[in-house]
Amino acid sequence: MAMVDISDKPEIFREATVTGTIKLKPETIQLIKGGNIAKGDPLHTAKIAGILAAKKTSTLIPLCHPLPLTNVKIETKILDKSTVQVTATVKTKAQTGVEMDALTATTVSLLTIWDMVKQYEKDYEGQYPSTKIENVRVVRKVKESNRGKAFENERKHKETQG
Amino acid sequence: MAMVDISDKPEIFREATVTGTIKLKPETIQLIKGGNIAKGDPLHTAKIAGILAAKKTSTLIPLCHPLPLTNVKIETKILDKSTVQVTATVKTKAQTGVEMDALTATTVSLLTIWDMVKQYEKDYEGQYPSTKIENVRVVRKVKESNRGKAFENERKHKETQG
Amino acid sequence: MAMVDISDKPEIFREATVTGTIKLKPETIQLIKGGNIAKGDPLHTAKIAGILAAKKTSTLIPLCHPLPLTNVKIETKILDKSTVQVTATVKTKAQTGVEMDALTATTVSLLTIWDMVKQYEKDYEGQYPSTKIENVRVVRKVKESNRGKAFENERKHKETQG
Amino acid sequence: MAMVDISDKPEIFREATVTGTIKLKPETIQLIKGGNIAKGDPLHTAKIAGILAAKKTSTLIPLCHPLPLTNVKIETKILDKSTVQVTATVKTKAQTGVEMDALTATTVSLLTIWDMVKQYEKDYEGQYPSTKIENVRVVRKVKESNRGKAFENERKHKETQG
Amino acid sequence: MAMVDISDKPEIFREATVTGTIKLKPETIQLIKGGNIAKGDPLHTAKIAGILAAKKTSTLIPLCHPLPLTNVKIETKILDKSTVQVTATVKTKAQTGVEMDALTATTVSLLTIWDMVKQYEKDYEGQYPSTKIENVRVVRKVKESNRGKAFENERKHKETQG
Amino acid sequence: MAMVDISDKPEIFREATVTGTIKLKPETIQLIKGGNIAKGDPLHTAKIAGILAAKKTSTLIPLCHPLPLTNVKIETKILDKSTVQVTATVKTKAQTGVEMDALTATTVSLLTIWDMVKQYEKDYEGQYPSTKIENVRVVRKVKESNRGKAFENERKHKETQG
């Protein structure tokens, strides 16, 4: 068993953007909007947790290479009355891509939001009837040789996704 | 800002079960079934990564407590021609629940599956047109005082989910 | 060489509070107060970093025991025109004290503040003429058998410190 | 796949002792004895690395449980003109044994000795013709219910091993 | 005390191969061969643990440099009726060698095998009368300037080792 | 929220030196000088802990970049009858500076000294009336383009500090 051998690949600019969402109760979203979550700001906390997680990717995903990340950026957005979206963008100059790093950042951000609002999402039996992480996907990958194409691809993607 | 103070809560048996799915190409699922993934068995690798991740939960999610996990179990199942499901069950005897640990185990398992089959999921431009992590949710939580209820609740859940 | 053998000590309630300060330029403090730090809110970020660090104490300080922390709380306060204070309180029920955990939380919080405001503290040569971490000390330790005394001690301490 | 479920086992005193050796050149052993290793004292450094490693066991060995270690002790001994022995003893009060923790401590200590004396062990081609880690084994395990027996067993072992 | 200063060394291709063995009972080896180990496949699990460990080398061995590993490969082989061999090969392009990384990968793989078959190796008193890790050594190191020589050296080594 | 984007910055030589002090009782300093600290040599232990910590900087400080450190050096000095000073120097060839890494190394070294001498610093109530970490600051930063200036700056600094 082996990590893919990238010894002979050139170090080029790489970028990956990932999004994912968490479904919460409308009441919880209102509390977030109002700054009323008891444990603290869930979106800011989620961003920090996501950035830290990106840097741990190769210790979490067995066959990932350790990469010298040059940028990790996490954004959150309340999409509608019951959905928060996380978007993570990761950059490096390396011999392999950073989509796993952006995926790790996104999912740990989403998990952190969950943790921050746990008490509002549980029902009287301690169960989570509606909380859900969904739609975690790679929006786009870029590498030095195809930056133009990737941007075009992204535009098309946005058009078809509405 | 603070982790919730659990100093005065009793140490009781806790259990949480989480599931989530990853959407893959039918061709990739066939390769998994046939044992033909070049990087190695993605399901076995995912289970190990998930178990290790459960033990790192409190270092990934800022306000999670470090808990003495007494059991972590990960199962994988090919649900249909384009879906793999991961189920993680975590147990402890502690002052707070383990749903975040089971959620972390599940998502890291799903990310590991993604990483193991990356090469088959990418299109000719290096993009992932269809790969997606979905439906990550807490199936049930149990604590000592409500084991009976939780099991009943779980049965109902199964009936309504089909 | 050995970690102190605590096998035969009773598990009792333990608490430790640590404070420390960072000296910053008055202009930087103004930027913090106005919410104008380009990298994001340094005080919130510092609190999260400190809480996470408390949970890593035994992997950073060679002879520290791994302890099941039941509470970690970090507070920040702008003391005067050039000083930010961090206070960390850590609790556990264990066989040894948690002052090292509170010290680790405090110093990593202070380092994080430094990192967040780096660009405003550097002079034109890239040096830090005035930034400084100071006065990191254990304000009080409590254990189950001496809670009363410790509180009294704390009162006296406050009186003599003004 | 799962960590063994220890949820219903009692928390009892556990102890494990592990030894292992590293074969070095006689010249290297002389340098160690004389305090002349350029990188610093290899035996002291090895002890610290071993103690830290014991606390990371459950993050290194996939199915190991995280345990609240109450004591880790590392000793080193120059056995003969080309052999250094490391002995690690680990204690806990937990639901499962600590032999993996003592094994991890011992091997990381031995690896650290190797790293500290690398330059003296390499030949002119940069190869290690004689350096070797050997004979890593569990000398004895103790649990509360069989302390007497274990000690007796240990005595017998010593007699037969000379 | 210091990590060796490699600031002025050139970044060149580096490779190291390490082997080591674990002595198990013949019955345990039979169980491995038959796929009958209760905790799961020990050899596959060992490979994953070894790959992950290689990436943690500089956090385990105090004076090791963090290196951008471009390849980690672990192979296992049942050598005879009571011996399993692990071989780890690690590659990088860096200013210093990767033998410590390959040694760490090998020993953590061997420890993982031990952990996976613990129950079959223990006697009725919970002791390990015969389990042993042995013969952990660097088979060869390569760097860009001496690839030819190293390969030749390896051939000779194989001839003399039979 | 984001780590600063350093993707387009050149990789150049970087160096940072940080100092800090810990205030101890004169009796404790005497014990250190005499090699009489029960837990082992605090200064050697502190150096090792500091070097290891430097390599964990980007996992402790949320917005720090992971950097390929080429040198970490820690020195300790008993400054006067109640003060120990730690000095950490860190080097890299990277797109951003290493002052946070040197600050992390210094503070973890100082915390380790505290931990090693805890028992001598506590009063009869378990409090620390005089122990204190102080004066943690960046003595100098160097980058390739301004090595000359930085050295000059350092000389001036020494003159003014006495």
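Letters A, B, C, D, E and F mark the chains in the order given here, with residues in each chain numbered from 1 onward.
The rule we apply is simple: contacts are C-beta pairs under 8 Å (C-beta built on N, C-alpha and C of every residue); 3 or more make two chains touch, one makes a residue touch a chain.
Everything numeric here is computed off the predicted structure, so don't read it as measured data.
Contact with both chain A and chain C is made by B, F. Although chain C and chain F carry the same sequence, what matters here is overlap: shared residue numbers make up over half of all numbers found at their interface.
For the copy pair chain C and chain D, the superposing rotation over Cα atoms measures out at 120 degrees to the nearest 5.
Chain A and chain B have CA centres that are 17 Å apart. Chain B and chain F have Cα centroids lying 40 Å from one another.
Spacing of chain B relative to chain E, judged by their CA centroids, is 30 angstrom. Contacts with at least two other chains are made by residues 1-2, 4, 40, 44-45, 47-49, 52, 56, 62-63, 66, 68 of chain C.
Arrangement of the chains shown, judged by which pairs touch: an irregular graph that fits none of the line, ring, star or complete shapes.
Each chain pair that touches appears in this list: A-B, A-C, A-E, A-F, B-C, B-D, B-E, C-D, C-F, D-E, D-F, E-F. For chain B in complex with chain A, the touching residues are 1-2, 4, 20, 39-40, 45, 48-49, 52-53, 56, 60-64, 97, 99-100, 103-104, 107-108, 111-112, 114-116, 118, 125-128, 131-138, 140-141, 143, 146, 149-150, 153. Taken together, the chain E residues at the contact with chain B in this complex read 40-41, 44-45, 47-49, 52.
Looking at the complex, you find that chain C touches chain B at residues 13, 44, 47-48, 51-52, 55-56, 66, 68-75, 91-93.
The touching residues of chain F, counted against chain A in their complex, run 1-7, 58-59, 62-63, 65-68, 94-95.
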